[in-house]
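Note that subunit A is present in both complexes that follow, paired respectively with subunit B and with subunit C.
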Partner chain A sequence: MSGVAIIEQAAVADAALHQGPARRGPGFAVYASCFILALVVLAAVWPHVLAPTDPYDIDPTSAFLPPSSAHWFGTDQSGRDAFSRVIHGTRPSLLIGLLSIATALAVGGILGLAAVLGGRAVDHAVARVIDVLFAFPGLILALICIAILGASPVTLAIAVGVGSSGGYARIIRAQGLIVSTSGYVAAARMLGHAPRRILFLTILPNIARPLLPLFTLGIGQCIVWATGLSFLGLGVQPPEAEWGALLADSRSYTALAWWLTVFPGAMIAVTSLSLTILGRYLQARFDGRDAA
Partner chain B sequence: MMRQVPGPRGRLLTAWLAAATLSLSATAAWAADQPQSGGTITLATFKEPRCLDPTVGGDVPQDIIAHMFTDSLISQTEDGAYHPWLATSWDVTDGGLTYTFHLRTDVKFSDGTPFNAAAVKANFDHWLDPKTGSANIAPQLTNLASVTAVNAATLVVKLKSANAFFLTTLANPSAGMQSPQAMARGNTLNCESPVGSGPFIVQKWIHGSEVIFTRNPNYNSPPPQALHTGPAYADRVVWKVIAEPATRFNALLSGEVGVLNGLPPEDYITAKSSQNIAIIDDFQPGVPWQVDLNTKRAPFNDVRVRRAFRYSLDAPAGLRSIFFGAYQPAGGPLSPNTPFYDAAVEHAYPYDIKAADKLLDAAGWTGRDAQGYRTKNGQRLTVHFPVYASTQPADLALYEQLQATAKKAGFDLQIEKQDDSKVYARQYSWDYDLYIDYWTVNTPGALTFIYDSDGLTSLDGGYHNNEAGISDPHLDALLAAGPATSDPAKQKQIYDEAQQIVSDDALAAPLYVYPSIAAFNTDKVRDVRTDWSVHSVTLYDAWVPKN
Partner chain C sequence: MAQFRDLAVAGARRLATRLASGLLVLWVSVTLTFLALQVVPGDPVKIIAGPGAVLTPDAVAALRQQFGLDQPAVERYLHYLLGLAHGNLGMSYESQQPVTTLIFGQLGSSVALTLAALSVAWIVALLGILLTAARSPVWGGLGRGFEVITSALPDFWLGLLLITAFSFKLHWFPAIGRGLSGLILPALALGIPLAGFLGQITRQSFEDAMAQPFALSVQARGASDLRLRLRHALRHALLPGIALSNWSVGWLLGASVAIEQIFARRGLGALILEAVQRRDFPIIMGSVVLIALVYVLVNIVTDGLTFLVDRRSQAGEARA
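Then we have the complex of A and B:
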């Protein structure tokens, strides 16, 4: 690649940077999302701070009490405090979401990078694997994984992760191709940097940065999927509280006790909405800075 | 002839009275209505039969559907009395060893094959054929000596030993008479489209969705307790499977289905307060819904631990909160409306954590770990309870309550929700401490299925009936002596003792009397009644009102 080309590409990148959307500060929605997510993380790490009542303590005589000052979210069919169960359900739900997206990125990352760095033959092979992953709807793929691995929270996370890894593999491959043919990588080569240094200091950070918004968006999606599978009875074991399992356990009481489905449902919706808003915000920011 | 000991039906009566009062205005409106022919009745049930031939395998959903298209030799009413059906009369001679049945000669199966003594003999052969794998009828006929068709209208059955419950077995829907010509096609075909002489004909089975029946236009053999004679009123019956309880109930409310077999307990109150919903509220006889305790391995190989476990459960509290009182608690080895039910053991194990603690201390489970569970030699007092992933939510909620109270005594009750196939595999290999069980049959002989040492042997695929893994020669002798006696006083003595042993040994923890709660939408269907032999719904008299 000639020096002129490098300068041209640098100029294009520069122009893109300045033509990108005018950078605005985060709006109210982003702050609200951050606040909600902070509460969610608090609930996941120290649930006892938010909900001092034991989520497993049954009291059949006070079953199906509507929301009140004593029980903010009412009580369930066994008289357990629904607020406490929703709060204590945060940790497994969030962990399953995080583990799923980590699996998705790990599988997608290995495939995508192999395609970029492994040469033409590997690229073709990976493209076929990705095609296969795409041929199955993600949830079907997840169900197959659960059928093979058995139902538990860990296999649930792996299943959801593998089910959604195809898209990530494709994004990482595309991003890797853009970065590895970019001007600054060519410049780094011309400066005589060792290949390993180029990979770790130039290529990987530039691939990873746009992944942050994807990661944020992905957790939200994975929580929805994982709670969906958990709703089908493929997640945690009773009596553990987990949002999808809470929904599943209370679904037949909807007409009788609306609070048992509304609150865990709202938690799933609010959490994934907050993650989506934050992810979109981060995406807009990174797109503005990194468009090449 | 055996007389059924009347069970506590007070609650049933009040339910009926309440239903009657609530629907008084509706009753006035349709009292004038007369049954009319035509229309389609849609019924929704909770589980699909594995085969429509009622004896191949022989699971409960098969029993429930069998009298749609078959008639039995005899019928049984709520009071336990036997009545003629395809057999007009019968003589019992030789001290209960010989039964001579006099059969109707004017009945044809719906494929045109005549019903006669040879056809009945073909049915006996089918039930006893190992290929049929009958888990419900064949085990009740182990003492059969011979079946002889004397002439077209006379059948003689000889037994090796007296069997007081022989007629009950024949009244069962599983013993519905099938066309020999249809059975000769082999089990695979007969499972799809069995042929009987009943009021409806199996037209089509759409697997996973519904079974479609059409009216048998030539039907002339209803049992005497029916309200009319001749063909059924409805043109068609669609027997749908809707596993999800809330969906099933909403389908009834909206009128999408007319009859519900298995009213979800959480909808019991809503159904009772609905003007256009009538409830048939009943309980199944036999062995109640219970968990069997596996005595073949620790910790339940110690009777003290088994008794402690029973003391640590508070099923009645769960039944009140989760099932809204729709289900009745069970405490003994037999359901209260089973003949020779012994009320003495009903309350043998009240909820009593102190009693449980005392027994567990004596059994050496004296340590406590950080979570509060009992330990012995560093081992935690863990009880493994595999349950089907398809378990109904209300049942699962009940198990969670049992888990919570058992914890107070120091039990770590692990509810292990798994694929149905994995749960079956664990049953086959005795890999459980608790296993769900129930047996619906209108005789105390139900105990034989569950506690006789014959039940330790694996049936097809590895399934064993004796899930407690108990082998007690004295209990075996009692269970064999019961049916061989025709003296009710002696039978009572035998079964009282058998129930006492099962209860003292804490071989199972009964949870509730298996209910048979049906409901129907009176805008869509009238005169849905109960088939008393297994307390399921019957649609022969049912009719569709014209709006």
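Then we have the complex of A and C:
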């Protein structure tokens, strides 16, 4: 008997060792992600600072030049500077991503809060809708929305937002149910606060707080989906400089000019990776504080 | 004997609950899509006739009647539900063929790609876990880094990179391939990002399992490290990944829309994309029905797999 007890004791101690320190500060990866995201924001707001060359400047004599010191990412079929096009493509790609996540949070928020505040019957009906939004693959849901709304950059952003709203609706509903039955909301009611004040100052902030890491992770996901749909020709169209449209444009020349495929995609991948790393870090921090 | 009968009864009850909730998802999704398609601007007759077609009023009326568009929305809705119960999903606007025929024509290609991609994803994820999880921090960091990076990779970009490198530069695989050799690159493009997601989830539960007292007692019995990992820890670690099967299959279907375009494959993704581009609403409704059915089916398979892997759920069902 005692032998087993010793083994179990040892295992518990071992497990504690394996887990390491409970809270870790931001590591190198988090700082690197923040630096990259700062560059991405700079490229979106002031693209001319990073890429002074005009992204639409055609020069047929220098078509399909491989990457060099004059053209860092090479040139495309019309001799346009690929680096400049990728940098100038940041703004539409990022804006569509942000509009998507705003739509996702709005749809998720309306459904989730309706379920929480609307009483039993509404909650049951909304829960079924959320089930369906959740059961459907997000990208397919976005495609169905584009079929209904038509293809344009704005409808693309709305479609991607609706496509990813299921998860947010579910989380907001669950969080809302926890918050609205919590002790501090009961306390606020007993103190005689007006219902509107309780909703805006007590319930909503407590629902919103855990959403920040999800928001960060969600932008990355939305950018990947939206550029993917643009790549399929359902959003921003070439010759417009946008990451998905640049990839769509490069498809006819993949065998000829690898740089036209590699760099726009690498921008999507690096941006999405940085947002994932930052989102993960925020999630770990928030979870840690919730547990404490 | 009585124990087995109890198990069968419990299993049947669970299956019935799954089917009922699946039917509900099917009904709600069909209804929501039908409602949404009612508000779409534009006349379906124009889509049926094709762009630029000039039709006499008689021809328009005939088309309306053929596709049931002359009837009020409520009647069309009930008619659709009735047809659905009989396995009739209507006619495509574009090709004027039954939607079920079109979907079944693409099913084989999509199922092959989905199974191949799922195999790639699980093999890569499990190899990563068995080699790097619960080892030194350096190995753990490498494995974790690989998983985060692959899960953030845009699948369509990975597909473009694979086709550029292995088809155009190295000529190892055909760019447009039928059969097995044409399946490898698309399965990798879909499977590698999915492996990142599955790996992250499995790693957590694997490391938790390896830190449990039972892991030490298995080691104390003299079992090898490989046996501990394969026979004992993996069994615990698989459950969260299996629970995500439904999400995985849905993710693969969504991602296959772009991958099928890149590798010039036919499949459900390509069918849905064409339906969206041409606004072929009967096909879109049909895809919604199909996805809801796949959701129900995968849920049932997931339940079965969980039951096989998790001895606790078997004991629980027998007692319940």
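Just so it is clear, the second predicted complex is superposed on the first by the 267 of 292 C-alpha atoms of A that agree within 3 Å, B and C clash if a C-alpha of one lies under 4 Å from a C-alpha of the other, contacts with A are read in each partner's own complex, and residues count from 1 in each chain.
Keep in mind that, in the parts below, a contact is a pair of C-beta atoms (placed from the backbone, for glycine too) under 8 Å apart; a residue touches a chain by one contact, two chains touch by 3 or more.
A quick note: this is a predicted structure, and the numbers were derived from the prediction, not measured.
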| item | value |
| --- | --- |
| Subunit B versus subunit C as contact partner of A:77, first or second or both or neither | first |
| Partner chain(s) touched by A:227 [first = subunit B, second = subunit C, both, neither] | second |
| Contacts of A:251 with subunit B and subunit C, given as first, second, both or neither | both |
| First, second, both or neither for A:61, with subunit B first and subunit C second | first |
| Touched partner set for A:237, first subunit B, second subunit C, both or neither | first |
| Partner touching more residues of subunit A, whether subunit B or subunit C | C |
| Touching partner for A:181 - first (subunit B), second (subunit C), both, neither | neither |
| Which of subunit B and subunit C A:132 touches, first, second, both or neither | second |
| Partner chain(s) touched by A:277 [first = subunit B, second = subunit C, both, neither] | second |
| Subunit B and subunit C footprints on subunit A, overlapping residues | 147, 151, 232-234, 250-251, 254-255 |
| Residue ranges of subunit A touching subunit B (in the complex, touch as defined) | 56-58, 60-61, 63-64, 76-79, 147, 150-151, 232-234, 237-239, 248-256 |
| In the complex, subunit A residues that touch subunit C | 4, 7-8, 10-12, 14-15, 18-19, 128-129, 131-132, 135-140, 143-144, 146-148, 151, 220, 224, 227-228, 231-234, 247, 250-251, 254-255, 258, 261-262, 265-266, 268-269, 272-273, 276-277, 280 |
| List of subunit B residues in touch with subunit A within their complex | 245-246, 264, 266-267, 270, 314, 317-318, 320-322, 389-390, 393-394, 396-397, 399-401, 403-405, 414-419, 422 |
| Residue ranges of subunit C touching subunit A (in the complex, touch as defined) | 24-25, 28-29, 32-33, 36-37, 39-40, 134, 148-149, 151-157, 160-161, 163-164, 168-169, 207, 210-213, 215-217, 220, 246, 250-251, 253-255, 257-258, 261-262, 272-273, 275-277, 279, 281, 284, 287-288, 291-292, 295 |
